[in-house]
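Chain IDs A, B and C follow the sequence of writing; residue 1 opens each chain.
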Amino acid sequence: MKFNNRNVVLGANVRLGKNVRIGDNTTIYDNVEIGDNTIIANDSVIGEPQHAYYFQGGYSNPATVIGANSFVRSHAIIYAGSTFGDNLNTGHRVTIREGAEFGTNCLISTLADIQGNATFGDYCRLYSNVHICEFSKLGNHVFIYPYTIFTNDSRPPSNHYMGPTVGDYTIIAVHSVVLPGVTIGSNCLIGANSVVSRDIPDFSFAVGSPAKVTRDIREIGSREKEGAQYPWMYNFERGMPWQGIGFDAWSQQQH
Amino acid sequence: MKFNNRNVVLGANVRLGKNVRIGDNTTIYDNVEIGDNTIIANDSVIGEPQHAYYFQGGYSNPATVIGANSFVRSHAIIYAGSTFGDNLNTGHRVTIREGAEFGTNCLISTLADIQGNATFGDYCRLYSNVHICEFSKLGNHVFIYPYTIFTNDSRPPSNHYMGPTVGDYTIIAVHSVVLPGVTIGSNCLIGANSVVSRDIPDFSFAVGSPAKVTRDIREIGSREKEGAQYPWMYNFERGMPWQGIGFDAWSQQQH
Amino acid sequence: MKFNNRNVVLGANVRLGKNVRIGDNTTIYDNVEIGDNTIIANDSVIGEPQHAYYFQGGYSNPATVIGANSFVRSHAIIYAGSTFGDNLNTGHRVTIREGAEFGTNCLISTLADIQGNATFGDYCRLYSNVHICEFSKLGNHVFIYPYTIFTNDSRPPSNHYMGPTVGDYTIIAVHSVVLPGVTIGSNCLIGANSVVSRDIPDFSFAVGSPAKVTRDIREIGSREKEGAQYPWMYNFERGMPWQGIGFDAWSQQQH
């Protein structure tokens, strides 16, 4: 139903891997590389030209790379100069500016707004309407829930930007704000509607505005079994690289 | 200006009622049924194929039904397998996943993000950028104001989902979060920027993070007349089925 | 790459200035006027017909004016009956309803949702996903950060609307809510995730839910130099009319 090559436009030097499918009404601009078996659904724009395209002569579109086995749902806008590892999965209407570097196996959900010039590890999940500012650094397996915002200007408006940093395996619940320059450690859980204004140490559960550490995540019980829910990697494996073998076995393979 | 049949594509087994108008650049996929006098504006996608379409052979698009006298504004994405009663009214850029069941006379505003597998009664109003998670259940005449989020995973990430439930005539103000499994009764009012973490009894005004019941809604004064504003059905009738006859008269007709 | 006149449609009485560029897949409806050197990028809708177009005979599209040297990024929806001064700059996927009046040099970022019938001075900046309700009045140089919401119905749902008012040079940080009828003075700073429920006097820093004035903005130190950060006009000039000459010199020119 979607891949009829209707109103599809490919720019110069677009390199498509094997079995790539491009949806109708999609435009792919110059210098985009898309890996094998990837789907770019309909009504999308890939390799969106940067600001200089409109105003400077001699503009050449920077390279955009989307890895193999990816699935970009409809109405995406992905700028030139961003890169995505294999197995990218997006919702609808994502907007991703230039200079975003994503690892493998990332999820970027519907209406997510990635401001660019930010780095993301592997297996990150950015849910609906998440807003990530420039200069953010996310580790691996970081999950950010809907409508959470990262900010980088502590004296708005200023010229002094400091993006937040988030460690591996950390979870940030819905409607939270991470303030400029804050470092959230690894294995943290931030509660819904929090404002994280200070650094948060590893393994903390923090909540509130401003967010305060109220306990160790390992004290939070599961709703599915006896014992603790966190670290969550022992209780959740869907889509994770330890699926079927368990987190400890997978971790040992990494060393 | 909008209905020139330009770049309009209809799939197989699309059944259009009398006087249906389809805007330019709109795609309607297989097995969609649209009632009489309905408008689907431009740049929309109706009957969006589900995930299996991309990856499984023999996929058949589930039925999508949009009732009569509806008005879907531009840039909608409505998945196959959702149903809408008569007199649906949407803003722009709504995204509605599969398995959403809406009653009649619902409003779904600009940028609303309905995750699917959720039920909505009649005369619900979901304003701009409302995000409703899977397994939510809303009664009749429930109004959800902008940027409010429903959530279903109390130990994220887990495999244990519990959607919120909201009773008839309840109003939830802007920027609120309803936590997993919470039941908000009927005739409640939830204040702006609240986090609803526990069940709320009927006729409560609750506010804060976490939301606490501070009074009975019948104690809240009107800004337009002497006396109480709530239950609001005695003070607001625009677009409601009791328009012109009053709430009590209408209620008696229902029995 | 973008200006190939592919699937571009212009309505009746569309007046384009010199050197206007219109992106592919863009529709401009009747009675739109666009100033010299302006760019309307791809996949946009300018002069979107109002509600009456669908249901009333003899509809004539109200005039829409976009000033010179403007840059409207892709996927905009701008309704007929809104006006924008010169040097407008938008992000992607803005939605702007009828009756919005913008001064010159305004920024309206990605996914901003402007409900119309509101006024904005010069040099306003509305960042990502800002939601401005009807009957709002913003002065000059007002900066509203992501996901902040303006509201106008204090007893929802009612028929009594009162939009917020914001004075010149005021800054509202992310994820805040401004409640109906509130007046925020000039030179204020509202902290992240605040709910502004009462009037705020000039030069106040207010934060919290409900927002309370905690100090004078002139007591807030800079991160870039010795001394105070606010009023910010002495520390930030990028894109402002005092760029290169300083705020005091520019101010004196205005008198």
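Heads up, the rule we're going with is that contacts are C-beta pairs under 8 Å (C-beta built on N, C-alpha and C of every residue); 3 or more make two chains touch, one makes a residue touch a chain.
In this text, all values refer to a predicted model and were calculated from it rather than measured experimentally.
Colleague: Considering subunit A as a copy of subunit B, what rotation angle in degrees (nearest 5) results from a C-alpha superposition of the former onto the latter?
Modeller: Fitting subunit A to subunit B on C-alpha atoms yields 120 degrees.
Colleague: What's the call on subunit A versus subunit C, same or different interface residues, using the half cut on shared numbers?
Modeller: different
Colleague: List the centre-to-centre spacing of subunit A and subunit C in whole Å, with centres computed as mean CA coordinates.
Modeller: 28
Colleague: Residues of subunit B that touch two or more other chains: which are they?
Modeller: In subunit B, the residues touching two or more other chains are 7, 25, 43, 75, 93, 111, 129, 147, 175, 193, 209.
Colleague: Can you name the residues of subunit B that touch subunit A in the complex?
Modeller: Against subunit A, the touching part of subunit B is residues 7, 9, 11, 25, 27, 29-30, 43, 45, 48-49, 53-54, 61, 75, 77, 93, 95, 111, 113, 115, 129, 131, 147, 149, 151, 154-160, 175, 177, 179, 193, 195, 209.
Colleague: Would you tell me which residues of subunit A are touching subunit B in their complex?
Modeller: The contact residues of subunit A facing subunit B are 1-2, 6-7, 24-25, 39, 42-43, 71, 74-75, 91-93, 110-111, 125, 128-129, 143, 145-147, 171, 173-175, 189, 192-193, 208-209, 220, 222-224, 229-230, 232, 235-236, 238.
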